[in-house]
Each structure stands twice: as C-alpha cells, then as structure tokens.
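Common to both upcoming complexes is chain A, partnered first by chain B, then by chain C.
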Partner chain A sequence: MPKKIWNWFVLASGNVWVIRTFVLFWSLIVLLPLMLLLIFSFFETKSFVTIYKPSLNTWVSLFDSGRFEVALRTLRVALTITMIELLIAFPFALWLAKGCKSRTAKAIFLALLTIPFFLDISSRTIVWRAILGQNGLINTVLLETGLISKPVEWLLYSEFSVHFGMIAPHFPTMVLPIYLAISLIDDDLIKASEDLGASPLQTLSRVIIPLSMPGVLAGTVFTLGPALAAWIEPGMLGGGFVNLLSHSIESAYTALRYPVVAALSAFTIVVLALLLSAVLVLTRRTASMEGLFRRMHQ
Partner chain B sequence: MEDYSDIKTQFDLSRRDLLKGMATATAVGALTAAGGASLAQASGKPVRAYGVTTAQLKDWGIMKKSLGVDMEFIGTDNSVGVFLRDVVASKLGDEVDIFIFESGTEDILGPKGIYAKIDEKHPELTLWDRTADDWKRSAVVTSKDGGQYGVPVIGNADSFGYFPEKLGVSKDGQDDVSWAMFFESDVTRGRVAYDQTWTYSLPVAALFLKHHGRVKINNVVDMTKEEASKVVDYLIERKKAGQFRTLHSAFEEQIQLLSNREIDVINCWEPATKEANKALGDNTVFYAYTEEGYFKWGHGAYVASQATSRDNLDNVYKVLNYFLGGEYRAHQARDRGYAGPNLDLGVKYAKENGWSKADIDSLTANQAKIDRKFAKPFVSTTTPENSSVMEDEWQRFLNA
Partner chain C sequence: MGILVKGCAVSLDTLNTKVPTGDSRPLAKDFEMRENNNGVTSKTGRKDRQRSQAESPLDEAIPPMLNIENVQHNYGDVQALRGVSLTAAKGEFLTILGESGSGKTTLLRIISGLEQPTAVDRIEIDGVDVAQLPAAQRNCTTVFQNYALFPHMSVRENVEYGLSVRGIGSDERERRALEALDLVRLDGKSERGIGQLSGGERQRVALARALVTQPAILLLDEPLGALDEKLRQQMQEELVVLHRQLGMTFIYITHSQEEALTMSDRIVLMSQGQIVQAGTPETLFDRPNSQFSADFMGFENILTGTLQSFKEPYAEVSLGGKSVKGVWTGKTLPEIGQAILVAFRSERVKIGDSIDTSKACNTLPCTAGDRLYRGKYVDQTAETEFGPVRARIWDRSQQLSDFKQISWRFDDCVVLT
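Then we have the complex of A and B:
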C-alpha cells in the first residue's frame, strides 16, 4: 500500500467522527440484526404463524425438545474439532514455515492446502460412506483378513465418523493463519535463542509459540465458526444420530418456526462470544487479532 | 385461540413487503432466464408454474405439441417452509400462474385468497366432470372449509422398500407386510433406515401404534402434544433398542442405502426402489404393501389469485385440464411410477400411441396397485395445525 494512503488511513483512524461513523455503521449492519434476533426469540409460532406476543414459550421449548442439548453438543463437537486441528496443524505449520527448505515443496504443500476450497464438500464427504459403511472398504478388509468376525458399526453413522469427516475440510482454515504467523517470526530470534543456550523445547515454548499466538487465535476463530455451522458432514456421516445445530435449525424452519431459529442462534452467539472472550483474556499477554496484521505491516 | 386477536402474521408482513427479497429475486431471475416476456401481455402466452420438481414432465415439449401452450417451470424442493415463504412473502403469484405442491398449503393459502378457487365450469376444464371424486374432492385439493382450490396432479401411497429374503416374506412382493417389521422386529433390528423428516416419519409410526390399539390417536397427521409425545416415547425406546441403522434425509441417500445393502428396510419414495433395482437387478427390492396403511400424498395444482386477472387464464385452465388427461398421466406413471386421476385415459393414450405391451401392462398394474393401497389410511398433510408441538417432539426423538 503506498505510504501516502497508509498515512491517510492512520490519520483518519484517529479522527473522532470517523470512529463514530464506523461504530454507527457497524451497529446497523451487525449489532442491530443480532438485537432483532434476540427479540424475535421471545415470540412463538403456532400453525405456521408467528405470534408477536412476547413470551418465554420458545425458550422453554428449547429445553423440552432437547434443542438446548443440541446447542451444547454442537459446541462440544466444534471445540473438539478445533482442538484436533490445532494439534495437527501447529507442528505441520512449523515444519512448513521453518523446517521445509525447498521452495518447490513449500509451494506444492500450500497449493494442496487450498484444494479443499475448490472442491464440493458433499462430493468429498459422501466418499467416506463407501469406505466406512458396514459393507465398506475398511470393514471388508477387516472381515476378509479375519481381524473381526462382524462389521464394526461405529465406523459410520456415529460421532466418530462426524469428527473424522470434519477434520480434512477444516484443516486449511487452521493451518494457514498459523503458517503465516510462524513465517513472520524472524529467523534471527530463533538463532539468538539457540545462541543463548536454550534447548529446542525452550525455543519453541518461549519464542515460537508466543510469537505464533496471533495465528493460533485467528486459526481458532476461522475453524470454530464454520465447525459450529457444519451441515454436510453431520448429515452425511452422522446418519441422523448426531443432531447438530444446523439440522435442528433446518427442521424448525420447515414449520416456519422463526422464533426457535432465532433463539437457537442467539444462544449460540452468546456462548461463542463468551468463549472467544475467555480465549482473548487468557491469551491477552501473548496474542491479539490485530497483532497478526500489525506484524504483517512491519 | 385468543392469542390470535392481536397478532401480525407472516401474511400481514408480506403485505408490507418486509420479507420480499431474495426469494423473489431468485425465482424471478430464474423465470427471466427461462425466457419469455411479461405475463401481462397478450393471450397465447406460456403458463408459468412454481412447484415440486416431481410434477414435471421430463420434456414439456410433449405438452406444447398437444396443447400449443408452453410451460415455464421453476422447481422447488419439498420444504413447505421454503414454499410458503416464496409464495407468500415474495408474492410469487405476481409472476407465476400455477403453484404445484403437496397437500396442506391450500388449507392456509386458499382461505387467505392467495390461491384462487377453481372454476369448475371453465370451458377449458373439459375432463373435470369425469374425474373421480376420490381425486378431485380429496383433502389434497380442497380446504378444510370445503373450498375447491386445486386440481389433482399426481399422487402415491408411500411405505417402505425392503429385501424380501431378509425379511422372510414372499419373494413376489405381494404380501401385506406389517409396519411392525419396520419398527420392532428382531429380524430387522439395526438394519432399518428411517427418514428424519418429521412430517414424513412421525405419522407412519402413529399409524402403526393406532392400528394396533397401543396409543389412542385422533388424527395421525395432526397430533396433539400428548399424542405425539406417546409416539415419540415409543420411537425413543426403539431407537435405544438399536432398531435404526440410520436416519436418512435425501432421495439420493435412499438409493445409496438400498444399492449398498447397508440396510434391509427403509421408509422411502417408491422411485428409490426402482433406481436401486436398476443397480441390483429386477425384483431385488420391493415397495411394500402394508397391513396398516400408507403415507398417501398428492400434489395439487393451485391457481395464483393474480392469474385470474391476467389474460392467459384460458391457457392456465388448458394446463390444469392437461394434468387430468391421458398424456400427462401415462408419462408420469411410466417415468416415475406415480398415479393420478383418470389413469384409464393414460392406458388409452399409451395404446393409441404405440407404447410397448410391457409399458401398457405396467400402467394397468399401477392402477391396480393404487386401488389396493388407497383403500387404507391415511392422507398426509404438510401443514398440520399442531406443527410446532409435533416438530418439538420429533426433536426429542432425534436428540435421544
């Protein structure tokens, strides 16, 4: 970005009217719809008709129907996936950013990571049904080799298969921000750590991890959000036994139950906001979202 | 119902155009892309329809050749929520002449004036009088207050597909198989696929329990909270007993589950069994005749009230009449296995147009099948009055 334009942005960002205009704009497009969502959750639907009379009936029905558990289950699955992705993505990103010396190999791996963005997720997911099913590839091999006497049922239509199916599609959103953050760590800092006698583990824990935290934070946000909204994998691999938020909302929608949809969404947004706030508080000393962008600019 | 005294419904909202947006843009965009000028022009214009894709001919050119009227069809899925949103909130009747959907919407949209009443004496509706009351006066096309808001298009009696050798029933598919085989037989435990759409699956469970006197239910398609709760308690018990292998949700999934032999029995659409037999061989999978009854559904064609003041109403009624005629009936029965009114005209059409003996026999067999199945309950609806409590109870089953 040309320096002149950048300077103008810096100057403008300190102007009180610019800030006020931005806050007003932000409130209108983000906060106002969220407020409306919350308000709508206090109405109810009868015979496909929304009754605009405030009550707690919709919220009460969330508990009666088990939808509250759906929201919690969705959070649990999404958090588990995010943790799994983090555990796999961090070492991979570290190797790709600092360990992989071949530019060609690095380019190939980065290209491979973008492939999921170009392929239809349904097509990629449905393949697993033919592999994990009772008559699928894995069970057939296990049966033929005599390792099992009857098909393993939990391979498909279970929480296991849903988690399994979600790992690959959500990997790029975790690994790419971490890769970016680690790439920006100056090699001299790592070298200095070694020169001062730090062990590889100490360099990792005291230099690399703290400096990569903006990437970890960004990856967590970019992965957790889509995981909460997962629809294809639970639908295709859960067999109806892993009822998550997206399907619960869809079911409510078939009866035009907009207040239920609003209540479920509001509940999830509140929990997510609390969760992210907790993460930000816990990592406030080492990471911030703007930190990543600030360092990119440097 | 005192709550209704001070409410603003979605219909009121629609009048203020609050929800007019994406659906209109999408549907109208699609219509424009389909070609054709504004409807508010001279007669001889195409008829525009919006509805479920299963009502479509594979090639509307056949109809144009017969009637001289072109059809511009915009498809939608089976979601009544999406359909009502498009028709009501987006005022799709401004652009579309005919709506085609499963039974139930006429109960809401007819009395609201969004569907026009059918003019039974319209000169183009020549086949109306010969159409059996079983079809033309059915709940699919009449509202609860008796208004005639639609013309019957297609229908079927849904049950379940099964592999006869797995269930130990006759291999010609002619046995009446009880829904007990589906819900609670040890023979099928862990090998049952159950559709996870509540409007489709909850009533058949209720029918089974009601038929055998295990739960008192007034109307299986529109259950009270207490009734639905008892049915769901039973289903939860069966779910925990491991009766269901999977809860499926799409037509393609039905075909795959049968074709892969992942399950032995599945409540599904009849065409799924036909598709599976293409992969597995004829008469491998049968679509059940049942002891207790069926999910009998029908599609009606409903005229948008705005269409009555446009100048292509004659063409609209020509198309409505076409739905009652032999050509449409024969093609729908052969291509999809669906029935409808005046199937005898379908057989006549097939004979006059040199169809093969196998195709003609198939049409006759289709008639016999429908006669046998339609003798038993129950007629489905997409818009039960107790939809909210039924949907809530179904969630309880899904979450158990």
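Then we have the complex of A and C:
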C-alpha cells in the first residue's frame, strides 16, 4: 500500500468521528433490526392480525406448541455439525498449514475449499438424494452384492442424511480460519518446543492448539451460525421428518405470525450468544482476538 | 617489546602454555590493540582459555562433548555442508564464525536435531550416538535467533516449559525456573507476559529457558544479532561470565568477528559449507591460513609477490624486487619463484621515516595518500608502487602528512597462498 494512503488510514482510524460513524452505521443495519425483533416477540397475533400490546403470550405459546423442542433439536444438530467439522477441520488445517510442503498442492487445496462458495447449495444437496435414496447408488450396490436383502431406509430422509448433507457445505468456514491461525504460528516456536524436549503430542497440546484458538473460535462462530439457520439440507434431505428452526420460522412467517418468528429468532440468538460467551470464558487465556493480532504484529 | 600493559602479560602467559599443544609458530606478542578494543571481557575470556589449556593433557583422555564426523547436507541442488567434522571439549566456548550462507546455521540445526543431515558418519553428544535421535531426545538446547518464546505463556511458564514436558512437579519446576531467571538477572519479572519485555529481556528469557534443563551443550544461534550495540557488548560479557559459572559447553554461531574474538575459547571459521580454519582467537586474528581467512578477519593489506626463500618459520617474498619477510601460515608451500600473498593488518603498520631498521621489520617506500578520519583512529593510505597500503593510526600526535616510508614487523606479517 502506498505510504501516503496508509498514513491517512492510520490517522483516520484514530479519529473519534470515524469510530462514531462506524458505530452509528452498524447500529442502523444490525443492532436496530435485532432490537425490533426482540420488541416484536412481546406482541401477539389474533386471527392473522398483530396486536401491538406488550405481553408474554407469544413466548408462553412457544413453549406450549412444541416449537421450543424444534429450537432445541436445531441447536443439537448445529452443535453436532460444528463438533464434527472441528474434528475433521483441525487435523486438515494443521496438515495444510505446516505439513504440506508443496506450494502447488497447498494452492490447489485452498482453491478446492472455495468451491462451496460458488456452486448453489441446493444443486449440490439434491445429488445426495440419488446416492442415499432407497433406489439410490449405495442401496443398489449393497443389494447387488448381496450384503443386504432390503434397502437401508435411514440413509435418506433422516437426521443422518441431514447431518451428512451439512458436513461438506460447512467445512470451509471451519477450515479456513483455523488454517490461517496455524499458518501464523512461527515454525521456530514448534522447533523450540521440540528442542526443549516436548513430544509431538505435547507440542500439539501445549503450543499449536493454544495458539490456534483464535482460529478455532472464529471457525466455530462462522459454522455454528449458518448451521443453526440451515434450511436447504434439512428440507431436501430431511424430507419433512426433520423439522428444524428454519422451517418453523418459515411456517410461522407464512401464517403471518410475526411475533412467533421474532421470538424464535430472538431465542436462537440468545442461546447462541450464551454458548459463545461460555466458549470465550473457557478459552479466555489463549484465544483473545487481540492476542492473535498482537502476534501478527510481532 | 615496548611497554607491557597488564592484559598483555596475561596473553604472554597464554602464549607460553600454548607451545606444548604443537603450534610452533611465533605468535604476535603485541596485543595492546586488542586489549584497547575489548577491555575486561577478553581478559576474562583469555584466563579461561589459559585454564583449559593447562588441563589439556587431561582433556584428551575425556571423550569430547560433541563429536561430528563428515556431515554433508544438501538443500535440493545446493550443498550447504560439504564434509564437516567438528569436536568440542567439555566446557569449551566454541564459536562457529562465517558469513550468511556459509552453512553455520545448518550445522547448528543438525547438532540440535532440528535438521536431518543428508549424510553423516557420526554425531555424538556426551559420548552418546544421537544421529538417529529426534531433537527432543538430544541433550542439548538452542537459543534461537528470534528467541522463539511462546507468546501465550508468561516468562516463568516459558522457562518452565522444558521441565514441565519432562513431567517435573510444579514446586521443583518453579524453583528451578526462578533460579534460571535469577542467573540471567530477570528474577523480578517472572510473571510478565512476553509482549511486555524489551529485546534484551527476551534474549535473557530465551537463555534461561534453554539453560534450565541443564543440557550438556548449549547452542546459540546468533543470539545477539537483534540487539543494539551497547546491549550486545553487555550481553557478551554476561555470556562469558555465565559460561564460566556453569562450565557448560557453548556452541555459538555468529557472523561477527568481534563477538567471536571476545568470547570464544576456540573459533571455527566456515565458508561455503566447509571449515576454512579453526583455532584460538589469537590464531585466527594473527595467523590466518588462507586468503579467505585473512580477508574475513580483516587483513586490509594483501599484496601479491613471488616466493624468494623459506626458512622456518619465515618466508621471504619478492615484491617486484623489493624483499619482505613474514610468517608462513599457508597450507602448502609453493615452489620458489611462484606467486604468493603477503598479508598484514593496517593497525600493525607504522608510518614515518625515522624507523629503527635494526628491528625485524619490513619497510616499503611510499607517498602519503588519502586519509579517513574515523573518530577513535585515522585510516591513512600509503601509496606504494605495489598498490595502496592502509595504516591505522591511533596515536594522535603522529605526524600524518609527508612521510616516505611504512614499516611492519616480520611477526605481524603473514605469507600465504
């Protein structure tokens, strides 16, 4: 970057008006809608008309109608997906950042990781129907080879298929931040750990994992959020048997029950916020974003 | 001999004890210049050397702390090390000196186990064959050039690391870490974060972290490179003191001639993946054995002539008919009449006409050339018919202009190929 622009940028970033403008802008497009959402959840609808009188009726009905269970199920599915992604993504990111010596291979893998961002998710998801279905590829092969006598039913339109279908689309958002964080770990730190007598496992647990926590945290946020809002995979691969929050919200929305929509969304956001604060507190020592940037600066 | 300063007397003792080790070449007896440059540190360094040389017959019975035979290492097509063999005695301060790209850091990483050599006949640390052992199981630790301190740990946690991965209990760990921090004079800062330390303090933490496990060999990879001048000199002194206190074998990598001369018991000069010369600081400083060594160690004046005669230890060289005499230090003596080099340091050159020629001195007629003021001294060029010769003049009362002759002693002159 040209020095002049950079200087201007540094000057501007310290200016109080820049910060104020940013906060105002952010409030208008993000925080204000959230506040309205929360307010709306305290209204209710009677015969398709919203009654603008504060009450807890919508929240109470949420727990009565079974929508609450849907929210919990969604949370369970999303957390499971996030855990699975983390377990696959961390070793992969570690290998990509430190193990893979060929620059070409690295570039190819990084390019492959961006594919999910290009292709429409429904077209990628619908393929699984042809593979997992009762007359699908897997069942056909298994039947032909005589391993099974009748088609395996739980492969499609089940919680299994929903989980399965969500793994690939949510993989890059977990891998990339972790990859970045591990890439930033100085090779000499790993060498120093080895030099001081640490086994590879000790180096992993005491140096690499703590120093990659900012990436793990970012990956978790970027994966958990979209997984909670997943709509295509449960719709296409759940076949109506796996009712998740997104569909609950949609059905409430089509029934013009806006306060229910608001309450469901608010509930999800609150749970998400609680989860993330818990993670932040648990990893406070090693995972502050500030720490990551300080390290980059050194 | 002139006036003897105290430090010079010490170096003379060193000289005497040196004789039995087999090097019969007369060493320059005049170290005033070095004493002026290096002060206290080099004196302590030299006393140390004196002690280790007094023990040298005993040393030969003990196996060396480090023994490497014929190590080769390639990075792709580039040969980083071409058959290097090296030993270090117990408690020795060995410096590997060389330019960047000479292979010195590669050698260090091979000793530490962080790099696997392409081929090696033998690597032994403290009598143990470590060629197949990973870095974690070798009895040596490294002080990294950029310190490589763990940014997510406090000073104390960094120092404790080597102990905690060995499963040592927290009480003992803390006690030993605080001891090590005390040793590097950082006792008050054990709970600080790494980001809160200055460069010099980080250096000390890295040192404490490497020392705390009490390795047989401490490897130091240009540890003072990132420090400013004053701090570097202070750390040099501290390292020498620390080395003496601990009696540990130090292997120190540097590209700085000054650091090598100040701290080492022995210096190994490397170039292009090979050892060019090894010896005491005095040997390297005054008796380079090749043009590269002479050049690297700062012999500003290197003239080309032909060999006239040789009578141990002196070689007489003809510079276009004018004969000069110096100590032969080269490897293989050429035939009489073949081309040969004469090298001498600028600080050993005297200028002026009233030189007592009865002393064992070479003289050359000249005219005064350019003069460069350098603060502590003046670099005066003398134009001779064989090219410019530089004289470094420390004496401010010296008449600089209008001299017609330069001279330097036979013993301050080396002849090599």
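Just so it is clear, the second predicted complex is superposed on the first by the 257 of 298 C-alpha atoms of A that agree within 3 Å, B and C clash if a C-alpha of one lies under 4 Å from a C-alpha of the other, contacts with A are read in each partner's own complex, and residues count from 1 in each chain.
Everything that follows uses one rule, which is that a contact is a pair of C-beta atoms (placed from the backbone, for glycine too) under 8 Å apart; a residue touches a chain by one contact, two chains touch by 3 or more.
This is a predicted model, so every value here is computed, not measured.
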item: Clash or fit, chain B versus chain C on superposed chain A; value: fit
item: First (chain B), second (chain C), both or neither touched by A:Thr104; value: neither
item: Partner chain(s) touched by A:Gly197 [first = chain B, second = chain C, both, neither]; value: second
item: When both partners are placed on the shared chain, which of chain B and chain C touches more of chain A; value: B
item: First (chain B), second (chain C), both or neither touched by A:Thr145; value: neither
item: Partner chain in contact with A:Leu211 - chain B first, chain C second, else both or neither; value: second
item: Touched partner set for A:Ile51, first chain B, second chain C, both or neither; value: first
item: CA minimum distance (chain B, chain C), superposed complexes, angstrom; value: 46
item: Overlap of chain C and chain B interfaces on chain A (superposed complexes); value: none
item: Chain A contact footprint on chain B (complex, rising order); value: 3-4, 6-11, 79-81, 84-85, 108, 190, 194, 196-199, 244-249, 253, 256, 260-262, 383, 385-388, 390-396, 398-400
item: Chain B partner contacts - residues on chain A that touch it in the complex; value: 44-53, 61, 64-67, 69-70, 126, 129-130, 133-135, 153, 157, 235-236, 239-241, 243, 247-248, 251-257
item: For the chain A and chain C complex, residues of the former touching the latter; value: 186, 188-189, 191-199, 202, 206-207, 210-211, 285-286, 291, 294-295, 298
item: Parts of chain C lying in touch with chain A, wherever the complex brings them together; value: 112-114, 134-137, 141-142, 144, 146, 148-152, 161-162, 165-166, 195, 209-210, 213
